[in-house]
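The first chain written gets the first letter, and so on, giving A, B, C and D; residue counts start at 1 in each chain.
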């Protein structure tokens, strides 16, 4: 048990560490449907342990509050009715303090569960719950950035918190030889169901860049009219650019001719040598075409990942998010974790500076709709 | 000066008294565009004094913060750019604490202004500012009710705060003789520009009810199929009922066959003898038709107001909100107060239990769009 | 009977005369919900006689087609289900030819009804049906203009059909003395229920312009920045201007610096001496404010109508469309004709060059939502 | 030249043959943005030859009409401005007759071009234009079905035209051995750029059904609660089902407990032994999950196509529409044909009874958004 409990404490407390710099006010707003409030992230991750472990596995477990399942269920139809997603930012009760009490209560009960009732099945769900919490840690911080960015005061979350200011160091391309590669997760360590089962994929020779695109390179794309050259864009990307008047990555501001970017440390001058962040798939694909290169497939990325320096940006691949051969949806609510989202989204690989420590791996499949910019996304090219 | 300063302190402090029962979280959300957060009300009313008095009238006045005008201007195009209205709930900074500091700062400066620089013009704007703050006191409490009502926990704002639980006492109808009546505000006491100038209106004999419609009477309308009888409704009202699946006044819940209503004291059983609240103009008009009576015109209401017991509900009239003969829009931003809203809205008369003390009068013209239910509105009939 | 039948034939055949210049294709499209296809107008007016006369009054009447009531009912909830309004332009069957056959069939049956079964009640409904058809004649031609105007080929409906090219002739203002005026329709001749019952209204002295505003005067408003001066506009008007990028009356085109207007005779140069048409209430109100005058009330208009040269444009009044004192909604479907629209619309008085002969009168109350421009509307000012 | 001209005449005249049963009225409406009017299809396919051949290749070619490019360009940004797509149904001019004259004129000019100026490049574009016209022939007939289906009269296009009444004959599954298969089009015959270039794909053993799903099997899915069982659906599919209240395939009507379907021969009883049509990808995926099988990938489909009896329905694959390795977008407007649509769409293989003769082939990649039902789509399963 010790090991699990220590890991549990470490991950659970990191969620609260992330919230240390927040004012109570910051815990509340949900400016867009896809942006959840910090309070909701803290409570929802706690509900996950209550719903999928304590309720069924801890004898005589008493729910912290009978309505919290309604309030903090995200998308699990199996679990029942829930607050409509867009309403998360309107819930001022429970208060932030009560949510922290909820966390403490559930943590104590999990400790009892682990001490007195641990089984491999419980440990599996616990591990899933911790990985789930890490995913929400990343969302918490990227959602927060989105919310604070709307404020004309450009609030500072933490002056030392560098989410996107990462210098680029490597250069050149690495040649990867084609052939049959095994893709997907093997072994007994934790992974999500969408990384299973390992299978063979035929890949052709390709060269992959050793580094990610920088702000400076992206400014060249802008200066060359990238956002007004229709034939660089996918048709739906071009519609997105025009409908939303997109002219630059998210959080960029052109102030008197000088590019700045909003960061969690406030508004900063844009450093051309740092790695680009906060572009959508549409922008990544247009940029690649402009460079007369392309994005890697998720198989190429995985096949070359051992030779790449990755982990500062989620890297777009040209692969739509679909099941691997033999993918099976698990029974019950846990089966809603991944499979039902396998449509109209693109796979991203790697991990970002917002990703929690030890969370990602080279078989990890992240996924977003092609128009979204609010994650720490970046561009690596292939030729 | 004394008089004004005392009144200023009394009204300004009442805004803060209203907020005493709030948690910090409650100050933030804006669930609909027409519902502003308490924090915004507190800051916006303060900004009004800063913008329209201190900035121009107090020598060497230093703005509390250079961006607050952008943040807390509501709709004054003359004053310049402002945050889009729907974004008010996304602004976590300034914090609630900073907004109270802003209030304190402006109050101190107003004191200096009144002590050292008072003029009739300044006193006029001050009086407008205080009336403006009282209007926002009412909005603050009705907006808050709307926000809290969305929470499945049915939060209690204050257990002793009875916003809509008012017993009905009077009965019968009063006959008012027709003829030429003078309508509008006379004398030197404060009024809004839309109450000026007094003018003669020809009215015919009518009988007006001495009391407002009760919950019990409205339940009869519901039970008689009022919400599914198309020919009781204005065409746009019928579209509103169907598009929004309206089946009862706002805040009513039918729980296992029993009517309840959400109030600022939590969820309560509906008392049939209490006065109906939270209906739209569409509902008021349909109800009147079902009763084979009608709503009074605003002129009839004013002509009979001396004989009515009014002040617990804003009472719908059948009069669209249009200018009185001779109405002139004032120069500059103050002119944006009323005139530009004189389209597509209906006049309400009287005042509600949410209306601040000494704020309303019998010439007061309140106005809302015909589909809105979130004010403490009620129905008085005429035959 | 003769009289009625002759009038019936005259009015019914005028609908078909209006359609003579049309191609079959022109009968079909419905580009906006408020614009109905010519085919629909021809069939709906015919259905009115079938539904409200033949079905109930002509013994053994056989419906032309059992589904036409579903297809050609407009908004009569009493009559039952109907095609959703926005779907009118998608109905290619019945064909145009079949609609003309439907007209012929109903006309023949009406002839029999009048010959063999005429009663005062039947004559009353017939008169309503003929006035209804005249209203649709006007809509047919103004809807058609809207549809053709979307075509970049600027189609000519009829080269000699001058819908809006009317020279302005009169000048000066007429003083009307205040006092108690009787408003509304008296006598036994036909009128709509909304013109009843005559009642006294107190009016103050005013001066009303003897002529309508010209294109040239309106160009001055445009050149003076009228469309970008927020304080000339009602708040909802300003939102309408900005959301729809309104910069001129409907059908105007600025081609290489020269104003043109699309007319049913094709694209023509704008003649500054002709009478302005196709403005919304928002534009009329902004223009009046810019001129430092105002629009008349509908009572002022009616009181002065005997001295005005009217009939080329529907003239905006500042009066919202509400019931006259004592207005009663008729029982059954006929009662849906007017009353249910008495919200959020403004009264227009007079008549336009698109109005059928002998249709309007000085007590006639037309009404439209304040943002609509597609009728032949014009501006007359009062001071 | 002879060969090409004969093929040209054959294909061009088939478009007109398809329109023979139409009334002029049927040529006009566009009920949804994705449904174009027959008139537009006839003109747009003609414009393709004018724009991409005659304008540049035929000396002294005179445009039929200077504005037709604006009216009949579909989505070619390279060619310039065009009518907004949703406006196609509002264009009553040119008339149907004029569009046929346009076709005749262009055909004559193409004949001259082929006689006097033929080159391999011209022949290539001509072949593309003819394949393009065949695609629009299929759209013309499926769009027409959609438009006519909205009419409560259930119009008959042609009583002998059986678009979806195809009996199912085969049975059983065929085992396809895994290994490296070559996918994509080889040889010199015509294909689209998206079928190039042939490349190797690693496939695993699978069994593919010899027949398509029947109406009867799909009724079982409905009767088993398929449309209300959330865990059968992709998340966006479940949202689509609920937002649009989808309860059955497009064109199905349950009349007094009996399933019917609207066809181009009118409303018919549903035959359970016929092949299912008009389902979306969401429905196909949910059905497959319910059957505990899956849809084939496009590679599996192509690898087994030699052993399948295909051509009555476009068959859904589980493959998103993305470029093949080495795909290059052609320069200029022709490059807009396929590549820019490679996002958020699924590949369909085979062909339907609405597909023109000799148009499809086993490497052909059709593609639609996952919610669309209006094509003759069907389901083939794999296990």
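What we mean here is this: a residue touches a chain if its C-beta (ideal position, glycine included) is under 8 Å from a C-beta of that chain, and two chains touch if they have at least 3 such contacts.
It should be emphasised that the depicted structure is a prediction, and the values quoted were computed from it without experimental measurement.
Look at the contact of subunit A with subunit B and you find the same residues on each copy: over half of the numbers used there are shared. The angle of the rotation superposing subunit B on subunit C, based on CA atoms and rounded to the nearest 5, is 180 degrees. If each chain is reduced to the centroid of its CA atoms, subunit B and subunit C end up 37 Å from each other. Chain centres here are Cα means. That of subunit C falls 44 Å from that of subunit D.
Mean C-alpha positions place subunit B and subunit D at a centre distance of 57 Å.
Those residues of subunit A in touch with two or more other chains do not exist in this structure. If you draw each protein chain as a dot and join the dots that touch, you get one closed loop, with every dot joined to exactly two others.
Those residues of subunit A whose C-beta lies close enough to touch subunit D in the complex are 75, 77-78, 180, 199-202, 204, 230-231, 233-238, 289, 318-320, 322-323, 325, 329, 335-336, 340-344, 370. Looking at the complex, you find that subunit C touches subunit D at residues 23-29, 31, 39, 67, 70-71, 83, 87, 89-96, 147-148, 150-153, 155.
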